[in-house]
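If you scroll down you'll find the structure; I have some questions about it.
A, B, C, D and E are the chain letters, set down in written order, and residue numbers restart from 1 in every chain.
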Amino acid sequence: MVRGEVSIDSCVSRPPWWSGTQDGLRFSAGRCGPSCLGRRDAFVDGYFGSYALVGLLLVVGAGFVAVSFAANRLLRPHRPTPEKRRGYECGLDPAGGGWAQSHVRYYVFAFLYLIFAVDAVFLFPWATVFARPGFGAVTLAEMFVFLGIVAAGVVYAWRKGVLTWV
Amino acid sequence: MNVLLVLLLAVPLAGALVLLVSPRGWAQHRALPVGLAATALTLLDAVALAVHYARGSRSDVDAAWIPAIGLRFHLGVDGISLPLVLLTALLTTLCAAYLLRSAARPARPQAFVALLLLLEVGMLGTFVALDLLLFFVAFEIVLVPMYAVIAGWGGADRRPSARQFILYTLVGSGVMLVGLVLVGVAAGTLDMVVLAQRGGAGLSHTVQVVGFLAIAGGLAVKIPVWPLHSWLPDAHTAAPTVGSVLLAGVLLKMGTYGLVRIAVPILPEGAAAFAPVLGVLGVVGIVYAGLACLGQSNLKRLVAFSSIGHMGFVLLGISTLTAVGINAALFANIAHGVITGLLFFLVGGISERYGSTDMGRLGGGLLAATPRLGALVVFGAVASLGLPGLAGFWGEGLAVLAAFRPAAELPGGLYVALAAVAGVGMVLTAAYLLVMLRRVVYGVPRSSVPMPDMSRAELLTWSPLVAAVLVAGLWPAVVLGVTDGAVRALLGVR
Amino acid sequence: MTGPATTAVQGVDLLAIAPPMLLAAAALVVLLVEAFRPAARLVATTALAGAGLALAAELVLAADVLGGGRSRATFCLPAALRGTGPASCSYVVDPFAVLLGLVALLAGAAALLLAVPEIRRTRLPAGEFCFLLLTAVAGAVALPAGRDLVTLVVCLELVSLPVFALVALRRYDGRSTESALTMFLVSVASTAVMLYGISLVYGLAGSMYLDRIAVALNPAAAPPAAAVGIVLVLVGFGFKVSAVPFHTWAPDTYAGAPVAVAAVLAVVSKVAGFAGLVLVLVLGFGGFAPVWAPLVAVLAAASMTVGNLVALRQRGALRLLAWSSIAQAGYVLAPLGALAGMAGRPELREELVAASVGYLVIYALMTTGAFAVVAFIGRITPGNDGTDLDGYRGLARTHPVVGVAFAFFLACLAGLPPGLAGLFAKVVVVRAVVDGGHGWLAVIVAVNTVIGLYYYLAWAVRLFAPPAADGAAFGALRRPIAVAIAVAVAGLVLLSVFPEPVLAGWSLTGTG
Amino acid sequence: MGIAYPTVLAAVLFAIGIYGVLARRNAVLILMSVELMLGAVTLNLVTFDALLGDPSRSGQVLALFVIVIAAAEVGVGLAIVLLLFRNRASISVDTLDGRGEAVRR
Amino acid sequence: MGLLDTGLRLVAVFVAFLTLPLLVGQMEHKAMAHMQSRLGPMHAGGFHGWAQLIADGVKFAQKEHVVPEHADRTIFSLAPAVALLPYLLVLLVIPLGPGLVALDLDIGLFYALAVLGVGVLGSVMAGWASANKYALLGGMRSAAQLMAYELPLVLTAASVALAAGTLSLTGIIGAWSPWWLLWQGTGAVIFFVAGLAELHRPPFDMPVADAEIIMGPYTEYTGLRFAFFLLAEYAGIVVVCALTTVLFLGGWRGPFLDAQLGWLWTLLKVFALAFVVVWLRTSYPRLRSDQLQKLAWQVLVPLALAQLALTGVIRVVMS
């Protein structure tokens, strides 16, 4: 790849980790100086660091579960019989398959949830910056508009009988 | 008098619009008079324009239309276009008059006349446009009305013929459009006057060659140049009389006019490169048409094929790239328009009376049964074969003559050969026309049922054409004098 | 979320965003009206009133922007975050945005009009239909003003998602549902591809703002991955505008959807897709033009050739229109394909973009008109579902006005006088392509124009043919459809005589 | 700890998604594959945003929108699938088509 | 963050995860017994049967693991872990006292809500994989319930975040003041109720209604895996109560000595809430599934929206 003269040469226009001197991706702070370098370390520590603990805990938890199941395997008897392995229907022989066709209303529940809960995603970023200086009544009004739309959705669903379940 | 130029297009357009929007009941009976009035007004306008031109005042309308594509509403007439404008206005008026007779009344006259007027707008627009794209637009405007006239009012096989007509022409237009745009982009202007003055300066050889190929290729379909002619006989056979008259009388001229007006002066290097090819194709067309005519049994088809031959002469004239040759071509153009227009009118008249144009079924004896009509057919035929003293003679004769002395950059030997073959073609023309006369006009009528001879209305309609043939034949300077100056101006003095 | 302490509050130019906002508000109102007073007539009237209001706002905006000669930019990057870079506004109403917004709005209103009789006649739910339609149009109106990838993506989805639902809205029609599913899956996958491309571009350019991307992404400084991202974005848009080879969903969907929805797909959705494509390619990825322009050129050539050739064989009206719209997409793409050499020639860029946009606008008008007539014939006349071309025989004899209007639309689509608007549009495209040095593409355009002519002409001829012996009579013309046809005819006649307003350079403003 | 891990993971997710879209014939599975692709997009966006320290947070903003878009797509998509299932279960699509043809010819 | 420090944090969280649910469970045994005027098991371990839960655990561990023949074996076996582990992960970010938190995430609230939602997946997996009609119905119901109650939960959490201006849990406690009890009171109740519903605790235990569908998703489970589901339920109570405490009741903030006794205040509040949970179980009849949905969509969601609006207005007025 032949490189011409690099005309733009600032941190603003080019990502700091991109070094124009070599081909391919190289994550360095070559062009941005020490501040970017610091940011990179902060990135690793602050970003992955905190979630590393979450990951470790997950590993610990998974280990706990695995150990428990392993120990359980040693402690418990294992004598399966066809009767035991038959699906439980209050002592009667199971009729039909185990998976029945489910009612469509569950789909409606899912749909309602999907719409509203995902919209709520926008609430959190807003909620955190809302109190900062410079944001005020206008920001609030904007969120009222948003809430109004969500509310209109609920009203619509209610009028359409989605919220009646019997 | 720029207003005359604008009126030239506005009058027929207004007529067409009036007919289109007027209620059906009203227009049903007034369509034909309205049509005649509009065409006649246009003819008057054209004559006035000619008078003005003769007095030496030049008309030129130039206004920006669509700056985005550099399209200007640029109209003007000069010696090259003026005769064609007059011819168009005359033929259209005659057609409108011809329709007035109850025998020729078309079905759905409102639509028919509206289409006729639209056709006139396109034809006149093609001849007066001085902007490449405007020329193209006008060129395209003609297509749909002509298609509709053939497909809606034609005879047997009208739909396939009409479709063939429009598809052939459109393929040509598409190619031509690319050529025009190429020239416009390369030169930075679409103004024909400016481009012609430059005479190819500023256009690279490649652009000129490619542009000429595309533009002339597109026009060649319209002319039609052999071997792109196969739509023509079918279209003529299927078209109603009026359609045939305009098709042969005007539409074919649009192709040759385009060559003279655009391709040759604007792209001289391209023209020089392809002129021999055009010449060869033209001569092939002459001979081919002659042979084909000998084998025709249908009168209408015969006249149609003869058009291919006549246009071959025009092409030969143009291909010499000399002032003489091009003047000859323009003269032949006019002559062919008048003569073939007359012939198609006559064939239409025969068809009205006998219900057929098949020579075998007509059987002969036309002169005996309807003496005046027969005489006129004879007149038309001898005019067409180029009898000295009639219009057909000068154009074709001069074209052959010009071929002996083509432009300096062209291969002289080839042109001498072409001239010789074209001479043979002239003989063939005479042969098939005489055969036709023998089979149809002379002899004893097959049936004894009395046929009405030429009516007064027909006489009125046709006599201007007869007069034109005589005038142009006896006094060719009336046309050549007009064209010559313009041709020399256009080509630079050659 | 943890930005600098400086305020990130952006000023909002309410007039600039008024049209899409009004449409969105109207959509909500329609939904509530439907919830409380479910009468089709009331709902449709409300929706139309909303569209009219938005149209008024758009006209005011147009007068302001065009009259003042100054584009209105809003949602700009605050000065504190801007640094030394360009202005970076998210929403810029420039002439380009005004024009395409207006077109989308008009096409949306027309689709609404087309739908009115169908809603009354069939079991199409009025409220949902109007709501979805207005929402989609709101997205399409906002999209041409978007100047960063986030806005563009959101607007594009705002156009797409309601359309999926619209296509499937005829709930008891299996064909409708199947076509909706086909379209949905294809479109969703293409969105994902496009988004992945966007994520790569973002990573390499460091910004979502098109003007910043343009500065950061130049082939000399960006790695090959940027080209990959750009191509992926292009693929995504290829699906949206149904360019060959990403077109396969279109014919089935057009044929399966209600006619009004097919009109939305063919016009509103396509206008939005092209607006986004132009913005992204020209303003954002300009530096990479040598990479993407040849691809676009190939897409254009393939689209028109395949579209026209397949359209030749169609016997169904909607399928024919679908293939024709694929072919027309090729014409719109062609000038963009000639953009490779725009680096040092800003005037060439202007010309090519103007050609593309001009064609798009005229395409929108003529296609809307054609669909209006199909809506008149199709599915309104009992016993004639308007899907067979032979069902149009004799239209010009029984309904001369509609027949002539339709013939005019077809002539425009074909680019044949009297459809001068279509002819000029094609001339502009050919001229621009030749100017861009792509003669071969111009020749392909010209040849395709001729191929296209054949089927448009064949259709137009049927209108004037005597009606088939067993053909059912056409029904009466409903007023909403008549209005739509009249508007399309008026617009096209106007543009046939005076196309300058559409073909003149509708300059794109990058930053505002 | 570099950018490589998240981006490569995203690329792998995306590739799996593409494979699923191309190889699967079940509409729901295709939809799931698309969701996988969108997940890759989100991951990419968030990674780049964090890495760039983008002051305008564009990456995260688009990531939020991608999540919402994904949800909306699932909603609409499942609705259509459900509709299709109903139509197929109640009225066979083939017979429906056949009747339409009969009227037309 | 050193290795030792990290290890310590993990161990602390893990220990809390193992002990607190047992304490809640024991409390439930005893409190319910007394409320229903009965003694409950009194023998294991001597004093008031304190070792009963341990005995239960031992018993569970020795029982056979039976997989139904048509079940989706892998999912069936994994479901308990999926149900349990999210609660462990949430505990990580819950602050016990000032500075006394295993991981102080700046988006702690978001994290907690996100991870909390995963737990229900365990029930759905169990319900689906069991190849049993009751289990499937239960799984469906539990999913539907999650979906209905997730929205009020998230909306009220957003209200708190809005009031505090941060998503960090410690930050929220820092911003808390007693009068929040007043203007966030509605939110607190909604959050708590929605949290209960997510845990399928009575009166929201329709998914496991034994009179109708045996044990819902857990019908086919035995032994340790069943015990895990039980453990998950009690861990869930701890987490929901702790989140309510942190978000609405001021966490470690007490009448005095916050710095030293913060952990105590937190635990007291958590257990007080846990007691309420038990109390509700004995007091209210089970809601029908349509009543469940109705409560969520027609009462809690509008109220939560109103609460959010109120919070926003008050924030603006105050600033």
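Rule of thumb we're sticking to: a contact is a pair of C-beta atoms (placed from the backbone, for glycine too) under 8 Å apart; a residue touches a chain by one contact, two chains touch by 3 or more.
Values in this document were obtained by computation on a predicted structure and should not be read as measured data.
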Touch-connected components when chain C is not counted: A, D, E | B
Least hop count linking chain A to chain B through chains in contact: 2
Pair joined by more contacting C-beta pairs (C-D or A-D): C-D
Chain whose Cα centroid lies at the greatest distance from that of chain B: E
Per-chain CA centroid nearest to the all-protein CA mean: C
Length of the line joining the C-alpha centres of chain A and chain D, rounded to whole Å: 16
Chain B and chain D, separation of their C-alpha mean positions in angstrom: 63
Separation of mean Cα positions, chain C and chain A [Å, integer]: 34
Chain B and chain C, separation of their C-alpha mean positions in angstrom: 44
Per-residue overlap in chain A, given as positions that touch at least 2 other chains: 15-16, 25, 110, 114, 125, 128, 132
Multi-chain contact sites of chain D, meaning residues that touch two or more partners: 48, 51-52, 72, 79
Sites on chain E at which at least two other chains make contact: 107, 167
Chain A residues within the chain E interface of the complex: 49-50, 53-54, 56-58, 60-62, 64-65, 68-69, 71-73, 75-80, 82, 84-90, 94, 96-100, 102-103, 105-106, 109-110, 112-114, 116-117, 120, 123-124, 126-128, 130-132, 136-137, 140, 143-144, 147, 150-151, 154, 157-158, 163-166
List of chain B residues in touch with chain C within their complex: 20, 24, 65-71, 118, 122, 133, 136-137, 140-141, 143-144, 147-148, 151-152, 159, 163, 166-167, 170-171, 173-175, 177-178, 181-182, 184-185, 210
Interfacial residue positions of chain C with respect to chain B in the complex: 354, 358, 400, 404, 411, 416-418, 420, 423-424, 426-428, 430-431, 434-435, 439, 442-443, 446-447, 449-450, 453-454, 457, 461, 464, 498-500, 503-505
Of all residues in chain A, those that touch chain C in their complex: 1, 3-8, 10, 12-16, 18, 20, 23-25, 125, 128-129, 132-135, 138-139, 149, 152, 155-156, 159-160
Residues of chain D touching chain A in the complex: 1-4, 48, 50-53, 64, 67-68, 71-72, 74-75, 78-79, 82
